[in-house]
Amino acid sequence: MQAFINVLSVKNLLAMVLLIPLGMMAGALPGFTATMAVSILVPFTFVMNPVMGLICVSAVYCSAIYGGAFPAILINTPGTPSSIATCFDGYPMAQQGRAQEALFTIAFASLVGGFIGTVGLIAFSLPLAKVALKFGPPEYFWVSIFGLTIIAGLSGDSLLKGVAGGVLGLLISTIGIAPVGGDVRFTFGISSFQGGIELISVLIGFFCIPEVFKMARDPLSSYLKETQDMAKKEGYRSVILKGFRNAFADITNLIRSSVIGLFVGILPGAGGNIANLIAYNEAKRASKNPESFGKGNPQGIVATESADKGTIMGSFVPLLTLGVPGSPVAAVVYGALMIQGLNPGPELFTKHADITYTFMVSFFVAMALTVLIGMFAGMLFYQIIMRTPIRVLVPAILLLTIVGSYAVRNNYMDVVFMLGSGFLGYVLANLGFSPGPVVLGLVLGPIAEKGLVQGYLMGNSISPEMPWVIFFTRPISIILIIISIISALWPLYAAKRRRRAN
Amino acid sequence: MRRFVLGLITIIMAFVGLGLLGGMADAAYPERPITYVIAFNPGGESDITARAQQPYLEKILGTQIIITYKIGGGGAVGWSEIVRAKPDGYTICGHNIPHIIVQPLQRKDTGYKTSDLKTVCWFQATPNILVVPVNSPIKTLKDFVKYAKDHPGQVTLGGSGSYSANHLGTVEFNELAGINTVYIPFTGSGDAVPALLGGHVSGLMTYTSMYISYKDQMRALAVATDERLPLFPDVPTFKELGYNYVEGAYRGICVPPKTPDEIVNKLADAFRQVNETPQFKEMMEKMGFQLVFYGPEESKKFIEERAEYYKDLMDKLAIK
Amino acid sequence: MLNSDFYGGIVMLGFAALFWSQLEEFTKFGIMFPEVIIIILAILGVIILVKSKIKPQRVKSFVKEINKPMIGTMALSIVWIGLANYIGFFVISVVSMWAIQWLLSAERNLKSAVVSLAVSIISVSFIYFVFTKYLYIFFPSGLLF
């Protein structure tokens, strides 16, 4: 309780209110990730006392992830990798004039996601952390295989092409240094490829650039015809209400997605990028009309946006309990804590319990404030995009995407690659390869490969004649394998169900 | 159309003018902010160290230190850029041994050569340390070696990176002790620790800074330094237990190859002063870092001798 | 009508071949994963090609829908990104933005030209200022700026 009071002090609230819009803008800029926003903030926290510093971190993190949904809905570009799946239904909604509805829907969904995440963090940290530790290389391999079975839900019309896209993504992810062995692979002579392909470049390239080119095709139209703007037609109150109803229409979806977010977030190294995709797929599977997903079904964005808020808190579970950072943001915070003299790990719950609990509670307050500010920010963004004529919008978006993809690693090749994948994405999309599976392969590739090779080394040391046995004999692995098989065979089951219904 | 072209030409001329103005040379160094490039991820050890140094450097050099990141390839992306940066002393980069020696040896095209990086100084070492989980039946190094001998190829040691100090250190120790442990590389020490805590590997050949952070959950068997470290005086060294194994990662500063010597010396001096500042020393040592100092001249010798050593080791590895 | 399966299969095989050509003497562990992936990709490419003969999926040729403004924007974006390192981010961005606006506007007269120039300069300056002064992210500066 004391923690709650700490968080609500005027100074802290003021800091949050100032930082949240900045974090939101950072998240909304495609290419500028939550990690970057937090790492820019961290040096400023050194001069603050630890509590305020941590509260600032939670404010920026929450708002950056929230902001990532804005471009996802409005221009089909995930502002942060946590919002990839938000594009799938968010953008179609925007194209139908329901952008405002979408923005309000995610507001309410995020609130619940944040709430469940914070509760999980405060109440279940230790048991969750213990479970997370049991995940070793073989388990991570199977997690990524499970992730790949999601391709079915993202493939659009052709499962075959979806799988091929996913494999292509896996292949592209191998560019760079091999996790085991240190080989330099597929750099094609370009030394900056040693660092591998930057996910952001491909995200922007696949999702945003084709849309920007399509906008250029019809430069005299505006982004949306005035007549189509639902919010204008029906008034804001009705749209807000619709958003609220959307979020709570399918409570199971809402809660399930938030929990998925929390769980996936606690796995060090897995994290926000895949949680939203998994939640999306589960929502689609559980839905009574899965074909409506991808065409503007609000449940899609409810699922993704509650999940990616859950991962925010989830990623701090390993950091606060075991001292192990569960995500790049947590790693940055780890560094900040060290400099402040706080040793991440069990000490945080004993010696510095008050700071830690304040930090955890601050997530909820930060999320609530973010949602509030976010609703206004969303409306503002929408008006800006709507009123900008296409001839200015196109170069402006290009400018932002160039800057965003450059800023991630200060690497100009990332910008070149972004444009290249833009053209590739345009061609592939028209040939029936949807971008989701490729991006999924790209995200999961490193996790899969690390799990595979490290697991092999482990298995080899236990039984050199049968090194692969280890992948099939550990309890969590077995559970994951079963889940993956069910998930992979699901499309057949669903098709049979549909035929029977007809 | 013509108006467009005219406008374009005017703009370009204006910027040419601006650009020329900006490029005028400056007199005393340092006059502008210095960019301190980190070749690794934010939150990592290089980052923490740089941020700890930042306030002291700013005071000593009298200018702002701006920390930026150039991540990728285990540092290679950052180092391949620094060799092409302007040698005016306003861009400095953190570099590490064994990385800068081993990467060009092992990879076909890193984008830089070891000799291209002009070292200002080495200021820090994180020695290797062998740890097992705190509830492991192995209590001393002797137990470990015995267990490893009885179970060849079945003891797994996690560590950070391939061909890093952790990796090469494991190979060295295997040789010295006559055992055969399997090294499993993780991407960063932060990745390796959960593997140990979750029981997925038998032990870790990791850095002292990791051990300090997780002291309660790890048992240190031996540390690879010449003498015991004051921070944990009851951890024996490999040396005193009979294995001449002294190894670790070194952190230092480098600049583009043609940077003038006066600037290099000034920077080296500044970093030396930072190392000698008591609060800085205390903070670093508490985090498990060992402070050393090799100036520009000594660094050259140091790199050469380490290069010889690693070349030898790599050849041995290649033959296996 | 484009046979999307045919071209799709070709693209997949193309990638597989491209990466296969880059396989060198990797270590046992370095090659484990990529080799398998390349092979799987090649097999999938072949399957798609087979499907293109048996049950092809035909889509409207998207090449036809590419019109002048679109090509112009594509070309300008290539120029923009290609030259930024040589000419300098600021200059090329202003020029490209200006050019794209000019390309996409309905009425091209002096007033609109000046307005779009102003828009370009202001937006690029703003970005430049925020990123270099506050975020310490510096842009490539080539010959000019």
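Which chain is which? They are A, B and C, in the order written, and residues in each are numbered from 1.
Heads up, the rule we're going with is that contacts are C-beta pairs under 8 Å (C-beta built on N, C-alpha and C of every residue); 3 or more make two chains touch, one makes a residue touch a chain.
What you see is a predicted model, and the numbers here were worked out from it, not measured in a lab.
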**Request:** Would you identify the chain whose C-alpha centroid lies closest to the centroid of all protein C-alpha atoms displayed?
**Result:** A
**Chain pair, B-C or A-B, that carries the greater number of C-beta contacts** = A-B
**Complete:** Taking each chain's mean CA coordinate, chain A and chain C are separated, in whole Å, by 23
**Item:** Distance between chain centroids, defined by C-alpha means - chain B, chain C (Å)
**Value:** 36
**Message:** Quick check: how many Å separate the C-alpha centres of chain A and chain B?
**Reply:** 31
**Prompt:** By residue number and range, which residues of chain B touch two or more other chains?
**Reply:** 67-68, 108
**Request:** Could you tell me which residues belong to chain A and also touch two or more other chains?
**Result:** 178, 180-183, 410, 457
**Prompt:** Tell me, which residues of chain C touch at least two other chains?
**Reply:** 137-138
**Residues of chain B that touch chain C when the two form their complex** = 3-4, 7-8, 11-12, 15-16, 18-19, 22, 35, 66-68, 108
**Complete:** The residues of chain B that touch chain A in their complex are 41-44, 47-48, 51-52, 54, 67-74, 76-77, 80, 106-111, 153-156, 161-163, 182, 184-187, 190-191, 193-195, 197-201, 213-214, 216-217, 287
**Request:** Please give the residue numbers of chain C that touch chain B in the complex, ascending.
**Result:** 24, 88, 90-91, 94-95, 98, 102, 110, 113, 117, 136-138, 141, 143-145
**Item:** Of all residues in chain A, those that touch chain B in their complex
**Value:** 35, 39, 42-43, 46, 132-137, 176-184, 187, 189, 191-192, 194-196, 268-269, 318, 322-325, 328, 331-336, 338-339, 343-346, 409-411, 450, 454, 457-458, 460-462, 464
**Request:** Within their complex, state which residues of chain A touch chain C.
**Result:** 40, 157-158, 160-161, 163-164, 167-168, 170-171, 174, 178, 180-183, 185-186, 188, 209, 212-214, 216-217, 219-220, 390-392, 394-396, 398-400, 402-403, 406-407, 410, 412, 415-416, 419, 422-423, 427-428, 430-433, 448-449, 452-453, 456-457
